[in-house]
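In what comes next, chain A is part of two complexes: it sits with chain B in the first one and with chain C in the second one.
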Partner chain A sequence: MNSKLFSYNYIDTPVHRLSGLTKLIAFLFLTFAVMFSYDIRVILLVMVFSLFVLRLSKIKYRQIRLMVIYVAVFIITNAIITFFFSPEEGVKIYGTRHVLFKIAGPYVVTQEQLFYQLTKLFKYSSVIPLGITFLLTTNPSEFASALNGVGVHYKAAYAVSLTLRYFPDIQREYRNISLSQQARGLDMSKKAGFATRVKNALLIIIPLVFSTLDRIELISNAMDLRGFGKHNRRSWFSKKPFTTSDFIALFISVLIFTGTILVSVFINHGRFYNPFI
Partner chain B sequence: MKDYFKVTTRTIVATGLGAALFMLLFMYVKVPSPIPETSLQTAYGLGAFFAVLFGPIAGGLIAFIGHALSDALQYGSPWWSWVIASGVCGFAYGLAYKKTGVEEGEFKGKSIVVFNIIQIVGNIIAWVVIAPVLDIVIYKEPVNLVFTQGIVAAAMNSVTVAIIGTLLLVAYNATRTQKGSLDKE
Partner chain C sequence: MENENIIEFRDFSFQYFTQAKPTLHNIDLSIRKGEKILIVGPSGSGKSTLGHCLNGLIPFSYNGEITGSLKIRDKETRDLDIFQLSKILGTVLQDPDGQFVGLTVFEDIAFALENDNISLPEMKQRVRKAAEMVDMDSFHSSSPYELSGGQKQRTSLAGVLVDEVDILLFDEPLANLDPATGKRAIEIIDDIHRDTDKTIIIIEHRLEDVLHRDIDRVIVMNDGRILADLDADSLMASSVLKENGIREPLYVTALKYAGVDVSKDLQAGHIDSLVMEDVKKAVFDWNNSVVSPQPQEEKETLLHLKNICFSYDGEKDIIRDVSFKLGYGELMAIVGRNGAGKSTLSRLISGFEKESSGIISYRGEDISGLTIKERAEKIGVVMQNPNQMISKPMIFDEVALGLRLRNVDEEEIKQRVEKVLKVCGLAPFRKWPIAALSFGQKKRVTIASILALNPEVIILDEPTAGQDFKHYTQIMEFVDEINKLGVAIILITHDMHLMLEYAERAVVISGGQKIADARPSDVLTNHSIIEQANLKETSLYQLSLSAGIEDGTAFVQNFIDYEKKVRVH
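Coming up: the complex of A and B.
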C-alpha cells in the first residue's frame, strides 16, 4: 500500500511548469473531445498527442505500472462483456454486415463489431495518459485553486483539498487499526465466510469512522476560529500566474476540441466514422 | 427544507474527510459476495452514514469526490457516468437527514425502515436510471449491457447500505444521549 497519494514530485519539464488551472482545463477539453468522438482517426491522433505529453513530462513506467495493469484489466473485461451482451452492436451502428466467422449461436464475429470494439478500445485507452500526466505533474495543493479557477465554488474546492490532505493520514490510521485487529485474531483472509467478513470489515470501519468524526469537530472548529467561509471569494496560496506557455497549451487543447467537433459535424455527420459505406 | 442545504464549515470538513474515507474503503475494503465476480462496496455504506449525519450536499459531494479521485488513482481517468451516478445516490441518501432522529438517540424501529426505503429508492434512481442513461449518452455503450450492470449495482449497493449503513447508524446512535433521558427526582 503506497502511502503517498499522488507520487507527485517536481521535475523541471514544460508540463510541470504549466499552471494547474491550464492543465485542468486542457485535461477536460481533451477528455471531452475523446469522450464525444467515435472516429478512430481522431482518437488515434489524440492518443499520439497524449503519449507525447506523457513522454514530455518524464514520467517513469515504474510510477504508473499499477494503473496500467488496472486499466488493461478493465478494458479487456469491458471488451469481452460488450461482445457477450451485444455481438451485433457494430452492425446496428454502421448499418452493414460483413461476417468474418461464426463462434456459436448468436455470436458471429463481423467486421463492423470488430471495428466498433477496436475504436472503443482506443477511445478508452487514449485518455489514460492524459489523466496520468495531469495527476502526476500537478501539485495537490494547487489542484484546489485550479478547481476554483474553472468555476467550482471555493468551498467545494476546499473540500477536495481537505480530502487530498487527509487521505494519507486516514490511510495510516486504517492500517494501524487493521493490523491491531488482526493481532487480536481477526481473520481477514479468504477462509472466513461472507457474514464473518462483513462483520470483520465493520470492526475496522467503526473505529475509523468514530476517530474521523472527532477529527471533523477539531478541524472545523479550527477553521471557524480562523474565519473560514466569511466571504464569497478567497485567494489561494499556491496559485501560479499564467505564462506564454500556458496560453499555447490552452490554444492547442481548444484547437483539438473544436477540431473533433467539426470533424463530427461536417465530415462524419454524427459521432461515428463509417468506413463501410 | 432550507436546513437540508445549509453549508457550514462543519459540512465542508465532513465532506473532505468523508470523501477521503470513502476513497479508502472504495479502493481497499471490498467484501466479495456469494455471487461470483461481484463485491459489496463498503464505501456506499459509509457514504450513506455521512449523508444522514451531514445532509444531502455533503452526501452527494462525498460520493462524487471519493469516487472520482479513487477512479483517477486506479485508472488514470474517472468514468464520469458512474461518478455522477455515485454523486446522485449520495445526495439521495442525504434526504434521510433529520428524518431518522439519530442525533437524538432515537434511531430504531420506524427510523430504520425510513432510512432503508430512502436509500433503496436512491440506489434505484442512481444505478438503474442515471448511470445507464449517461453510459449511453456519453459513451454509447450497448443498451442491454448497461442496464444489466445498473440493476446488479443497485441491488449490491442497497444490500451494502442496508447492512453497513444501518449498523454504523446504530453504533453512532448508541453514543448519543436520548432526549428526555433525565428525570427530576
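Coming up: the complex of A and C.
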C-alpha cells in the first residue's frame, strides 16, 4: 500500500493550482526545448528549473522513489547500450578525438563520447522531474480535459484518465491476490529461481486479469448508461478556468523554449554545443 | 391520460446470441406512471436481463434476438438507442464502487451532463441540486475512497437524478450494503418516490429489506417468466416465494412455524401492517413450546487473539486492543459495518499484515514467527470473489496447486485432491474447465483448494455476497458440513441472516474495537450494539415485542434452535 507508482494528491501549491491544460502545454514546450538542444549549459539550466518546480509542488521523495528507481535503471541501461553500439558517436559529432583510456577492441573511451553521453543523460534527467510533477499534481480527470484541450479525442483522453484513476485499485488488487497465492504456497521471494518466479507471477496475473475484466465490463456499462460517447464533444466539470498564473506559467515555458532555439541558432549554429574546438 | 402505462411489455422474448435458449419468455407486463415496483427472483431468473432490456444495455452492449414489443413512453425501445433511453430511464447499478466514474462526488454526479456538453455554470447548479436531493451536497469534493458504500450509492443515485429522468431502475441496490445502510437506502428511494412522481423499479432478491417501505406491486420471476404479480400482502399469503427459492421475511417464517395460516387479510406484507391481534396467541404458544437444546460445553481454545493492535502508519489505529478466542471446530462470525476492521483482522490472523502489538496464538503457541505460507497450513483464507483466487484452467489443477507448490508427492496429491473433491461435491466435475462453472461452484473450488492443505481453521470473507437464497443455502450448507468434519470456521460478514442462522457466536467489531462477543440472538436484539455496528434489529424481535413476549432475545434464540431442527430433518 505504501509503494504506489503514482497517485494524485491535492496539496495547495502554485503548481497544483495551475490548470491542467497549462501544465500540459508547458510540459510539452519544455520537453521539446530539452529534446531539441544538445547544449549542456541550456540543459543544466532547464534541469535546475525543473527541480525547482518539483520542489515547489511539495512532492516528497517517498512518493516517487519507485519511479525514480525505474527511470534510473532505464537511463543507465540506455547509456550502456549507446556506448555498446556506437562508441565513436561523440567523435563523429564533435570532430575531434581525445582518448581517455581503452577497454577492449573498438571500445575506447574518449572525452567526446563521455561529453556526448553526459549531455544525453542530463537531457533525460531534466525532463523526468517535469513529467513527475505533471502527473502528480494534475488529477486524472483534469488531465483528460487537458488532453482533450490540446486536440486529443475525448474518448482517448478519458481512457488515459481511467487508467490513471484505477491504477491504485489494481495495485491493491494485485497485492491481495499475491498474498492469497503466497498463502497457498507461492514463493515470490528471492529464494526462488528466476524461472520459477516468472511462472509464479503468472499465477497472480491470471486472476488479476479476470477480476480486472469484470471491473472493466462494469465501468463501461455504467458509462454507456450515462451517455458517454453520445456527442462529438463533451464538457468537463473539473476544467479549471485560466488565471493570471496560468498565463505567467505559459509565458515562462515559451520563454525557455525560444531561448533554447535562439541559443542553438545564434550561438551554437546547430543543435550541439562543442567545447572541443 | 390518467394512469397511463409508462412501460409496456407485450409478448416480449429475448435470447442472447451466446445462449442456446431464450432468457426471457413471452413477458407481458405493464407499469403505470408513478408506480413503485419490486422485481424478485433467484439468480438466473431473468430479472437482471429484464432490467438490461429496459435500460438499453440490451441490445447496445449485449447482443441477442428480441421478439415482441417493449414500449417505454409509447415508443418502441428498439427504435431508441441507449442514449435516448438514458434520458427517460436512469439506472443505479449494484456495485457502487465500480460505477463511480468521477474522482469526486460532484464530478461523478456531473458525468451525464458532461456527456451532454452542458456549460460549466449550468452544470454546477444542476449538480448541486441533485446532490441536495440525496443529502450529499456537503461531500462535494470527497473522493470515492473517503466514502462509505451508502454514500457512494447515493452519489450514483444523484448522478441519475441530475438528468431528470421519469423512471428510476435500481439493479440490486442492497447487494453491497450493510444492514443499516441498506435500510436507509430503501428509505431514500421511498422519499424520492414520494417527493417526485417518478416511476420506480427495484430489482432485488432481499425481499424483506425492500419491504421495509411500501411497494405497490411485487413481480416474481423465475426461468425467464413472470410467475406472480401481486401486492405484498397477497404475496406472503401465496406459496410462490417458497416454490421459487426466494427467502420470505423472517417474521413470516416464524408465523408459519407457529402454525398461523398466513392469509391476505393478515396483511403480512410489512411487519407494521400485520394484524397482531390474530396471531398473538399462536406466536406466544409456539414460543413456549420450543424446547431449547442443551447448552454446549465450552470448546477448548484453538486460536487466541490477545490484545491485538494494528495500524498502517503508526499513528491511526485500525485495530485497537481486540481479543477473542476460537474453539476447536467452532463456527464463529466476525460482524461489523464496512471498514470497521473485520477484514483487517482476517489479514492479521493469516499473516498478510503484521500486528503492531498483541499476540496471536494457535494451539497455545505464538505464531508471530510463521510465514504466510506456514500459517496457511493451519489457517486458510477464502477470498470474497473466487476470480481473485482461481489461476488454473482445470479444477483438479486448481485444487492441487497448493500441494504442488509444496512439492508434495504427485501420488499423494492425487489422493488428497480426490478426497477433497468428493467432500466438496466436485468429484463429477474433476476434469472440467473452471470457466464452465457457476459462481457458487467456483466458490466451492476455492474452498476445496484451501481444504486440500488440511487447515484446522478456515476464514471465509463474505462467502454468500451477491448470492440468491438457493445458492446462499447451498454454499452455507456446504460450509456447515465442513464445519461438522471438525474444521473451525470464521465467517466475516455483514449479512445478518448468515450469522443468525449459522454462527454459534458473533464477535462484533466497530471502529477497530470489539464491542460484543455473544450469541447472534443477543447481538441482534441489543439496541446499542446494533446502532454502533450498523446492523439492523431482526424483524423476529419486533414480532416478539408486538406479541407481548417479555424475553425477545430468547424468542429469537428459540427461532434459531427450531429452524436448525427443521433444517436437519
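Here, the second predicted complex is superposed on the first by the 220 of 277 C-alpha atoms of A that agree within 3 Å, B and C clash if a C-alpha of one lies under 4 Å from a C-alpha of the other, contacts with A are read in each partner's own complex, and residues count from 1 in each chain.
To be clear about the criterion, contacts are C-beta pairs under 8 Å (C-beta built on N, C-alpha and C of every residue); 3 or more make two chains touch, one makes a residue touch a chain.
These numbers come from a predicted model, not from an experiment.
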| item | value |
| --- | --- |
| Touched partner set for A:13, first chain B, second chain C, both or neither | neither |
| Touching partner for A:215 - first (chain B), second (chain C), both, neither | both |
| Partner chain(s) touched by A:163 [first = chain B, second = chain C, both, neither] | first |
| Which superposed partner A:117 touches (first chain B, second chain C, both, neither) | neither |
| Which superposed partner A:63 touches (first chain B, second chain C, both, neither) | neither |
| Partner chain in contact with A:229 - chain B first, chain C second, else both or neither | both |
| Which superposed partner A:131 touches (first chain B, second chain C, both, neither) | first |
| Winner by number of chain A residues touched, once chain B and chain C are compared | B |
| First, second, both or neither for A:141, with chain B first and chain C second | second |
| Chain B versus chain C as contact partner of A:186, first or second or both or neither | second |
| Interface residues of chain A shared between complexes with chain B and chain C | 1, 165, 202, 204, 206, 210, 215, 219-220, 223-224, 228-229 |
| Residues of chain A that touch chain C when the two form their complex | 1-2, 139-141, 165, 173, 176-177, 179-187, 202-204, 206-207, 210-211, 214-215, 218-231, 233-239 |
| Touching residues on chain B, where the partner in the complex is chain A | 7-10, 12-21, 23-25, 28-29, 31-34, 40, 42, 45-46, 49, 61, 65-66, 69, 72-78, 80, 138-145, 148, 163-164, 167-168, 171-172, 175 |
| Residues on chain A engaged by chain B in the complex (per definition of touch) | 1, 5-6, 31, 35, 38, 64, 66-67, 70-71, 74, 81-82, 85-86, 89, 127-132, 135, 155-156, 158-167, 170-171, 174, 190, 194, 197-198, 201-202, 204-206, 208-210, 212-213, 215-217, 219-220, 223-224, 228-229, 271 |
| Residues of chain C defined as touching chain A within the complex | 55-57, 60-61, 82-83, 86-87, 90-91, 93, 95, 98-99, 101-104, 106-107, 110-120, 123-124, 127, 159-160, 163, 312, 347, 350-352, 372-373, 375-376, 380-381, 383, 385, 387-391, 401-403, 405-406, 449-450, 453 |
